[in-house]
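Remarks on the structure that follows.
Letters A, B and C mark the chains in the order given here, with residues in each chain numbered from 1 onward.
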Amino acid sequence: MNANLNELRAKISEHRAKKRGRNWLHVREGIIETGLLAAALSSIAITLGIVFILCWESVGFFKEVSLTQFFFDTQWTPLFDPPHYGILPLLSGTLMTTFVALCVALPLGTITAIYLSEFAAPWVREFVKPLLELLSAVPTVVYGYFALYLVAPLMQNIIPDLPASCMLTAGIVMGIMIIPYVSSLSEDAMRAVPMLLREGAYALGANRIRTALTVVFPAATSGIGAAYILGLSRAIGETMIVAIAGGMQPKLSIDPRDPAMTVTAYIVQVSQGDLPHGSIGYKTIFAAGLTLFVMTLVFNLIGHYLKKRYREAY
Amino acid sequence: MVDATPSLKVQVRQLRVFYGENEAIKGVDIPVYANRITALIGPSGCGKTTLLRCFNRMHDFQKNVRYEGDIVLYPSEKNLLSRDVDPMEVRLLTGMVFQKPNPFPKSIFENVAFGLRLRGMSNRQELSERVEKALIGSALWDDVKDRLGRPATELSGGQQQRLCIARALATEPEVLLLDEPTSAMDPISTSRIEDVIFELKDRMTIVIVTHNMQQAARISDYTAFMYRGQLIEFRATEEIFQRPSEELTKSYLGGSFG
Amino acid sequence: MKDVDKLIRQQKFQDRFFAVLGFLCTLVGLVVLSILIIDLLRDGWKSLDYQFLTSFPSRKAESAGILVAWIGSILVAIVTALTAVPLGIAAAIYLEEYARKNWLTSFVEINITNLAGVPSIIYGLMSLGLFVYFLGLGRNVFVGGLTLGFLILPIIIVATREAIRSVPNGIREAAYALGATKWQVIWHHLLPCSVNGIATGTIIALSRALGESAPLIVVGAVVFNTVLPPSPLQANFPFVNFDWLDSSFSVMPIQVFNWVSRPQEAFHRNAAAASIVLIFITLTLNGMAMFIRYRFRKKVQW
């Protein structure tokens, strides 16, 4: 009788321990899931951090400088007396260098993408694609060196009276750096177009290039658009190439032969100096940064929307 | 009215197709008669689509493909498989409609006009006339005549396939090749497209691959039954369905395998 | 309608023309890269010697070296890796295996995509305002590493997600069927299978971090640094110290930037030499990543 009871007690004990064990397992799983969720949410925390700091300091900036001044004054001379806080020269510098860069990267990148997607043999594609991606792996300071000491003298030989640092030189080198951004995504978009569509064109007697331009390219516009926007965004945010080779003079100009200063180059220049924390000069970099952030945010969202559309299409 | 003695449009002679070491088509002889519909039937993998794609040299896009034999077009006596004949030339002479509709990302008008523009036609009036003629031929004109500028993707599946037929018709090919054109369609669309195909034979020579033997029985004049790369039997459709001479044909038509 | 022969000749010519044009355009980038490397080697090879690698920066170009810079790069890279890798992998696991398809998940995903596209200098601004001043952490290795860690976080998340996603469902299902919990499946099955994808992504991300200068300049990396950060290792107990996290620092790309901006020719040669080292490291890392990706693509047969 006692033996049976003990046996029963042991069994109950064992069962309870197992349940506790299972409970602990559940608890552990819960803790892990919460931890992982926190990690995922950290990305939102980072964005909030960026937005918070940029807005906080910019609010302080705009207490002293009016919005009209900021957007419409044609001079950016925060450290002069009297100081001017018009962002237009910085914006024109950014947009002009971006424009030059895109003039290089979009045609070269698109033609490369069409070639790799529609013409090249598979082994060529396998070989060339990683090599092209190396272009974007080179540190931008090295591109800056290249721009200032190799490309600039070359350009000065071609174009008379060209200053050593100008938007043209910096823009061209930036364009070369951006080619893989454009070509890689465009090529992916074109390869995603089903073969059946191409066969329809070939069966009518079309050659490869006609098929590529009139059938494949239009079918892939969303993805190609996303690629272009990616290149654009990257160009707007580029710092070191323009800081080294673009000329550090804030000048409102649409002539690429002029030196200029981009929003990013200004921030770098100021950071190297010794502006006291809280001074208006210090706050200018955050106002500039906010402008930059908003620009790239808009373009990134457009690019994201386009990418979603191309993914859904096929 | 069916002519008593149909003339020969294409003769497939001793055709062999090799994918690397694999012989996909093993010595096939088939006559294709003008203004008639010739159906290629057989179980999956028998080579009917492979055979069809020889007519417009679509295999040339793959590596490792080798042809032996001839496919001779009449009355020009041009051997479509000859190395001296450019594949592009062959495709300019033929038209193909695929298993799934594949309209280009363009307007309805531009889809049909694609082949015409390719051949150098640019006069708006001429193009409009040819496009209209092609769309009437594929029984799509009434559906789309008011919206020729709309994107082709707005059309339903059956309409898109008829658009693809119009696109192939517009260039007035010597032979129209149909690769299981209704396999992705519902029964109503299938029946409408079969009507279109049947009407077309008055002006066109048609070769159709189909996995649906009832379809072959319904619309074709001649049927070729293939199995594992070989031609088992080629007869007038009525004869092959009512009095098949080969055992294999009998089994297939009886539904023993598919 | 055109004559058929003429049409065919025209079309074939177009194809051939474009094939050549396309090939040349594709090469442009590669040719430029080669010119760049050759030019660097020509300018900087002679300056690249043991003395260069182990000296401090100096006002005299001949005696200047990159010691402080590459040590700084390594120290910052350690903090960067320790920040981004665990955080990135954890976030990716959550998004791939736990998250439901609701608005919050979409929001997080859009957010990550956006962060990937934010210019690197903005991360510097955030760190400056938030970490250096608001939280008072100062301008040191730790803050620099954090900044770059956040910068490369999206890259690691995306790469890890792709790696996890490519593990076939069969493995998950088999493990669950044997009674494993979600975390057990992840830890013992999914992660080991994704290791090469994660490794590739991490290496590429770190290579990117090593080449960054703008955000670190903003955060306050010292452009002319003559003092090494203290060593993490020490002779007496507990053998490791953390003072190095609080020290000022410089990194390789910033050293290049500093020398490039100087007017003297001799410093340009130094810049070239430092660039050679930098490119060598970057290309080697990328090469390693490509190699891993290639080898394992052949090996893994699902």
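Operating definition for what follows: a residue touches a chain if its C-beta (ideal position, glycine included) is under 8 Å from a C-beta of that chain, and two chains touch if they have at least 3 such contacts.
Remember, predicted model here, so these are calculated numbers, not experimental data.
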item: Pair of chains joined by the greatest number of C-beta pairs in contact; value: A-C
item: Chain separated most widely from chain B, comparing mean CA positions; value: C
item: Euclidean distance of C-alpha centroids - chain B vs chain C, Å; value: 54
item: Whole-Å gap separating chain A and chain C, where each centre is the average of the chain's CA atoms; value: 14
item: Distance between the centres, which are taken as Cα means, of chain B and chain A, whole angstrom; value: 49
item: Contacts with two or more other chains, residues of chain C listed in rising order; value: 11-12
item: Junction residues of chain A, two or more chains touched; value: 206-207, 210
item: Residues within chain B bordering two or more other chains; value: 88-89, 92, 118-119
item: In the complex with chain B, residue positions of chain C that touch it; value: 1-2, 4, 7-8, 11-12
item: Complex interface listing, chain C residues touching chain A; value: 11-12, 14-15, 18-19, 21-23, 25-26, 28-30, 32-33, 35-36, 39-40, 43, 86-88, 90-91, 93-95, 98-99, 107-108, 110-115, 117-126, 128-130, 133-134, 150, 153-154, 157, 181-183, 204, 207-208, 210-214, 217-218, 220, 223, 253-254, 256-257, 260-261, 268, 271-272, 275, 278-279, 282-283, 286, 290
item: Interfacial residue positions of chain B with respect to chain C in the complex; value: 86, 88-89, 92, 118-121
item: In the complex with chain C, residue positions of chain A that touch it; value: 25, 28-29, 32-33, 35-37, 39-44, 46-47, 49-50, 52-54, 56-57, 107-108, 111-112, 114-116, 119-120, 128, 130-135, 137-146, 148-150, 176, 179-180, 206-210, 230, 233-234, 236-240, 243-244, 264, 267-268, 271-272, 277, 285-286, 289, 292-293, 296-297, 299-301, 303-304
item: Partner chain B, residues of chain A touching it in the complex; value: 194, 196-197, 199-207, 210, 214-215, 218-219
